[in-house]
Amino acid sequence: MFRNNYDNDAVTFSPQGRIFQVEYASEAVKQGSVVVGIASKTHTVLVALKRNAEELSSYQKKIIGIDEHFGLALAGLASDARVLSNFMKRQALASKMTYGRPIPIERIVERIGDRAQTSTQVYTKRPYGVGLLVAGVDETGPHLFEFQPSGMTQEMVACAIGARSQMARTYLERHLDKFADSSRDELIKHGLLALKESLSQDKELTVDNASLGVTGVAKDGKRKIETFKLYDGPEIGPLLEAALETSEAAPAAEGGESMEVDT
Amino acid sequence: MFRNNYDNDAVTFSPQGRIFQVEYASEAVKQGSVVVGIASKTHTVLVALKRNAEELSSYQKKIIGIDEHFGLALAGLASDARVLSNFMKRQALASKMTYGRPIPIERIVERIGDRAQTSTQVYTKRPYGVGLLVAGVDETGPHLFEFQPSGMTQEMVACAIGARSQMARTYLERHLDKFADSSRDELIKHGLLALKESLSQDKELTVDNASLGVTGVAKDGKRKIETFKLYDGPEIGPLLEAALETSEAAPAAEGGESMEVDT
Amino acid sequence: MFRNNYDNDAVTFSPQGRIFQVEYASEAVKQGSVVVGIASKTHTVLVALKRNAEELSSYQKKIIGIDEHFGLALAGLASDARVLSNFMKRQALASKMTYGRPIPIERIVERIGDRAQTSTQVYTKRPYGVGLLVAGVDETGPHLFEFQPSGMTQEMVACAIGARSQMARTYLERHLDKFADSSRDELIKHGLLALKESLSQDKELTVDNASLGVTGVAKDGKRKIETFKLYDGPEIGPLLEAALETSEAAPAAEGGESMEVDT
Amino acid sequence: MFRNNYDNDAVTFSPQGRIFQVEYASEAVKQGSVVVGIASKTHTVLVALKRNAEELSSYQKKIIGIDEHFGLALAGLASDARVLSNFMKRQALASKMTYGRPIPIERIVERIGDRAQTSTQVYTKRPYGVGLLVAGVDETGPHLFEFQPSGMTQEMVACAIGARSQMARTYLERHLDKFADSSRDELIKHGLLALKESLSQDKELTVDNASLGVTGVAKDGKRKIETFKLYDGPEIGPLLEAALETSEAAPAAEGGESMEVDT
Amino acid sequence: MFRNNYDNDAVTFSPQGRIFQVEYASEAVKQGSVVVGIASKTHTVLVALKRNAEELSSYQKKIIGIDEHFGLALAGLASDARVLSNFMKRQALASKMTYGRPIPIERIVERIGDRAQTSTQVYTKRPYGVGLLVAGVDETGPHLFEFQPSGMTQEMVACAIGARSQMARTYLERHLDKFADSSRDELIKHGLLALKESLSQDKELTVDNASLGVTGVAKDGKRKIETFKLYDGPEIGPLLEAALETSEAAPAAEGGESMEVDT
Amino acid sequence: MFRNNYDNDAVTFSPQGRIFQVEYASEAVKQGSVVVGIASKTHTVLVALKRNAEELSSYQKKIIGIDEHFGLALAGLASDARVLSNFMKRQALASKMTYGRPIPIERIVERIGDRAQTSTQVYTKRPYGVGLLVAGVDETGPHLFEFQPSGMTQEMVACAIGARSQMARTYLERHLDKFADSSRDELIKHGLLALKESLSQDKELTVDNASLGVTGVAKDGKRKIETFKLYDGPEIGPLLEAALETSEAAPAAEGGESMEVDT
Amino acid sequence: MFRNNYDNDAVTFSPQGRIFQVEYASEAVKQGSVVVGIASKTHTVLVALKRNAEELSSYQKKIIGIDEHFGLALAGLASDARVLSNFMKRQALASKMTYGRPIPIERIVERIGDRAQTSTQVYTKRPYGVGLLVAGVDETGPHLFEFQPSGMTQEMVACAIGARSQMARTYLERHLDKFADSSRDELIKHGLLALKESLSQDKELTVDNASLGVTGVAKDGKRKIETFKLYDGPEIGPLLEAALETSEAAPAAEGGESMEVDT
């Protein structure tokens, strides 16, 4: 019987140089329902599937606004995500008060990355069991970052994490070259369509299980940031309809090139 | 023989990304007697079953008032609940003294959530073995939150936790659309009837084993909060009678739609 | 062979949500000799059996006065009880100096409850191996509380803990409705008779093995507290005689109803 | 094969509620040579057997003076006893400087009791492996206390601990009723005779293996304390002779009643 | 079956004096994609292979600029590298503010070396799972250092670490005598060609998978430092072309001597 | 197979009340080369065997002067001894500065005893693996103390510890009655002869393997302390010759009585 | 199968009183390449073999200058040595600033000895895996000390540690009587020749693998210290030639006596 002697804590390397506990924490991310993020030259969009949403719950927080200029989507342990969110809120607030400007997205992401790395190197802790997509706009434009339980953070053009997210990633890779110049509406459609790919065959995207967060820069003014806007429940209906129509109207366009021409 | 190597502490992930100790702590919640919570547009109600209540004990604390505007119901380890209650009392008091207003329900719930998450990520601690339903009224109206041992917190329209709570949840789901507009009295009846569903067949709801807590906003004035009111023992008799009468008067109305018409 | 993997420390839940080390600590309470407590509308009484009292020892502390208005009876590890007693003495003194009034019984009981809960949630400690009955009188009248190793505390009308205490509890349940209006003397008799029930057949209550503590409010004045009075050794003789006489005089009155009429 | 899973540290209860490490620490006391203590209305006496006394050692400390008004006798780990002794010396000194009077015997004993209890409840420590008899005189008269590794402390009329101490205890129980009114000399004789009972058959009490400590109140004056006096080596000769003469002169008086009449 | 009892933490030596956990951490370095560093009398160059670069990621940080005068290339755990990088950034900043000059390369390298050694000597930590090549220019000229998980640091003329790095090292050793006097462009070519050697046969160096960092001293002025310059994506194209042309133009020059003559 | 479950740390008692790790630490003392100490009414002498003294080492510290009035001899772990020595030096210096007089020998010995006891009662430490003989002169005359790894300290007339020390102890016991009145020279001879007894048959005492430390009070003046004097190497030659001559001159006097008559 | 239960940490003694982890740490020293040290009346010399020196590394630090008046040679874990070196540098600097004079060699050596002993007595640490030869000149002349992982330190006339160092030690023992009066040049030759003895048969001492450090007192002036001088690479050529010539010129002089006559 195989017995792994190196997977009991995050401060033990295996003979191959792996840290199993960090890898197991990543499995917790895969247990979470899928979330998708995309960035264009002017906007970022986060889309999430609310899985197993109980009717009794008024809403499930898969997307959380952190500051006016950014928010996050999570997959994995919700309480770990809340702790990291609250940490980010405090950091964002402190930054505003100290420097008089919104914290740059990359900096806030590095901070949670460092915090997460610490809990992979100290015996008395465990890694965070959650993956995050952090999306927002700062002085250098829109940014999308992926955060992993290892503390690894990476800027992405588009990303999907969580259960069955590979299918969403395939969609994103196929449409990668269109994102940069997509309009706000187009970006939302791409997000929802990518999310739809990750659903199992017997499920549909609905106003009950989809959630969306958008931010961007207003095109007319100069660097006027569009406050992070969360769409949940009925509000998401029209957006969903628009996206699915497109999708059904162009079923043959699976390759995706022609489909996007006129949106 | 199956041997689980990953369930000895809350800082170890299983290869599937699960934290067994947190799941086991949730079992402690299921060992507790059932509690039910419902929120309407104007009120929140908490109902609890006092199980195995010894005659010698003057009363068993399943529902605890924390501040004038909110209280909680607990299922699981009573001493863990008391520690969390006292923590909430101190936080509520500090908030009043610092900001001159009652602490928002969501904020106080997040605080215990964060505290609980900490004990799932530090080697020297264990998760809290208790689930809570926190119900109250603040400036944004009535709120009901569920707190789980993982530190997860979630706003709910209605909720039931503890032993055999699934049956109460079924009742709540069936009547979900009526809660928002229910009157104070109707909400209490729904709470007691949901609780009744979770009793084993040979048991009855009585003044000895039922407990109730209510708060709300007065309809006439503007945001005048009705202080959290705890009903225990004889006091609960009339409420119980009213609810059970309704129930017996309309046995065929199991589906629940017609039953509520004239209450 | 059954091997329990979850019972080595108080920070590990079993898959069923139990904390075995807390349950084992409760066994230490059952190893202690029985103590009984009862509260009436005006008095509280604590009675204890001094088991295995060595002749060489001048007296064994089963009942300890903490402050003028309350005391406790213990079953289990005596040194754990002393540490908790000293903690209560310091708290009671501090309360007097800060607020100029005796500490309310419920508050002091909650304090040791919280302290005890802490040692069930931190890896480096163990639960207290002692159960306490805390009895006294404060501004809200007489109170009796049970404290358990889990940190659980509960107000009781009457209670018995320790070895063979089930038999005392049966007595208490049978006479439950008489306690509220019992006089000081009647309460003492009930306490001693309940204690007697827990003795094994070959043992007798004597001035050497019984101990008693009483406090109450004087009926004439207003809320004049009767200082906690400890009876040990010869002093306890007359009380014991009175109780046992009653008992022998009415052997048929096992049901207890008629027996109490003329006391 | 029996395998005890609950005896590795003092913070683990067995399923029966026992703490084996504390019991094992008590075994260390039984490994120590026997010491005896007795208290009368006016005096306390401590007697000790120096076992395996190497000739090369000038003297072995079985009895230690702590302050002018009290001292102790030890059985078990000598270095643990020294640490506790030094702690008591500092406490006694601090008490004198703060309150201007000798520390009450019960208080100092409680202090080491609490200290010892702590090391039975914290994972990183071990219980003290020593038993003490603390004897002295304070404002309330002469007192003798037993201290156990569990942190348990108890006032005694007479006591014996250490190897083969059961035989000394039997002697003490047989003569119990004479101690209260014994004179200083009588008390010393009782102590030595009790000690003698614990010797194995091939051993004798001699000036080399016996040690003695006495304190008391002068009968004439008012509460004039007789400084704790340690007898070791040659000094102990006359006392030993007096005791053994008595013993040999009255071999038939094993029951002990008549023997003491004329001393 | 072989069972290694000495490889569970970094504070245990094997009987042969090895610390396996440190060796396992070095395996994590070998899991990282290859990075190459070379120093001449006037410049240092770092070259890195971006392995498994997802299309969705905008760029992968294998080379990081720390201060104006130096940067690093990493192989292994990216989050460990980021923590060390941020530490170096703070140290470099502090040095500038305290001493008014860039921190010497050797000093900053020693600092991370000491920090890393600490986590190989303390039970509660794990070694860093990353190797670094730190390259820069200070008052004493250009310097290249290798940092290993053991905390070992060593000044190098040229170095390659990461997966399949042995092949790059062979290239470096073969051309070792040319580096000192190489021009900036020559050094870049050597770096890219060494990197190319480490690719598996079915892979090519492209603008997508190669990354480069250069710093040096301007030849004309005196000790004017050329700011650390990072080449990524399209920018790297011309450099790559130049290097590969050379390589293809002189396939027979595998020995390398003649090949470099006219570059 | 016997498996000792109680010998892994110094905070675990065996069921018999033993602390094996302390006993094992005492074995480290027995691994050290033998040292001997003797005290007379006027002097103390320490003698040590330098075992396995490498020629390359200029000298091996078996005897260390701590302050002007005392020094020590060690058997066991030399680095543990150095740490304790340095601690004693600091304590001695502090005593001089605070009280203006040399620290009493008993006090300094108690201090290291307490320090050593601590490391037998705390999980994170180990006992000191060294035995010491501390010899010196203070206001109460010459004193010799033995210090053991358990923290136990004991005043001795004469003592020998380390490998084969039993044979030296036998010599010391045989001559015990002569030490008190021995002159400085006689005491040295006794020390060297006792040491000689512990040598294996094929070894001799030489200037290379013997070491000696002496202190005392000058006979003429009043309490004038003779500074602790260390004899090592050539210096020890004449002393050694004198002792061995005596020994050879009186080979028949093994019993030792007559031998000492004329020295 | 033999299973060592006592070799997992440095705070556990084996039943024979050994601390295996310290012994294993000493094995790490034997894994290091050999270093040699010798002291004369006027000079000290350190010589080291750079083993497995990669061509790519510019130099390997086997000998490190700490302060003007002393340096060290190391065998074992290089990062442990660096940490100790940096500690010594800070201590030396502090000593200069506090006392205005170079720190005595013995004192600085004791400091690292104490630091190393600490990590053999605390559970959370490991012993240092490095041996050092510390050589320098202070007010009392030239000194050479050996430092071992146990924290043991010892003054030596000559010493060799590391792989195959026994052969170098044999050379040193054979020439021991010549070192005291050797000139600077003679001492260097002895060092290099001793080092040569430790090479395996197929290796030679070269400018690439030998390293040397020298300090001393100038013969003419009074106690003028010759700054610690490190010879590495080409610089060492002439010294090496001189030493090897001597060696080859006198192959028959293996005994070494005549060989040194004319140097």
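Letters A, B, C, D, E, F and G name the chains as they come in the text, with residue numbers starting at 1 for each one.
The rule we apply is simple: contacts are C-beta pairs under 8 Å (C-beta built on N, C-alpha and C of every residue); 3 or more make two chains touch, one makes a residue touch a chain.
Remember, predicted model here, so these are calculated numbers, not experimental data.
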Do the two copies chain C and chain D share over half of their interface residue numbers, or under half; same or different?
different
Cα-centroid distance, chain C relative to chain G, in whole angstrom
72
Between the Cα centroids of chain E and chain F the separation in whole angstrom comes to 58
Where in chain A do residues touch two or more of the other chains?
123-124
Counting only chain pairs that touch, give me the topology of the graph as line, ring, star, complete or other.
ring
Could you spell out the chains in ring order, with the walk beginning at chain B and its first step landing on chain C?
B, C, D, F, G, E, A
Can you list the residues on chain C that touch chain B in the complex?
5-6, 10-19, 110, 113-114, 116-118, 120-124, 150-159, 169, 172-173, 176
In their complex, what parts of chain B are in touch with chain C?
7-9, 20-21, 24-31, 54-61, 76-80, 82-83, 86, 119, 123-129
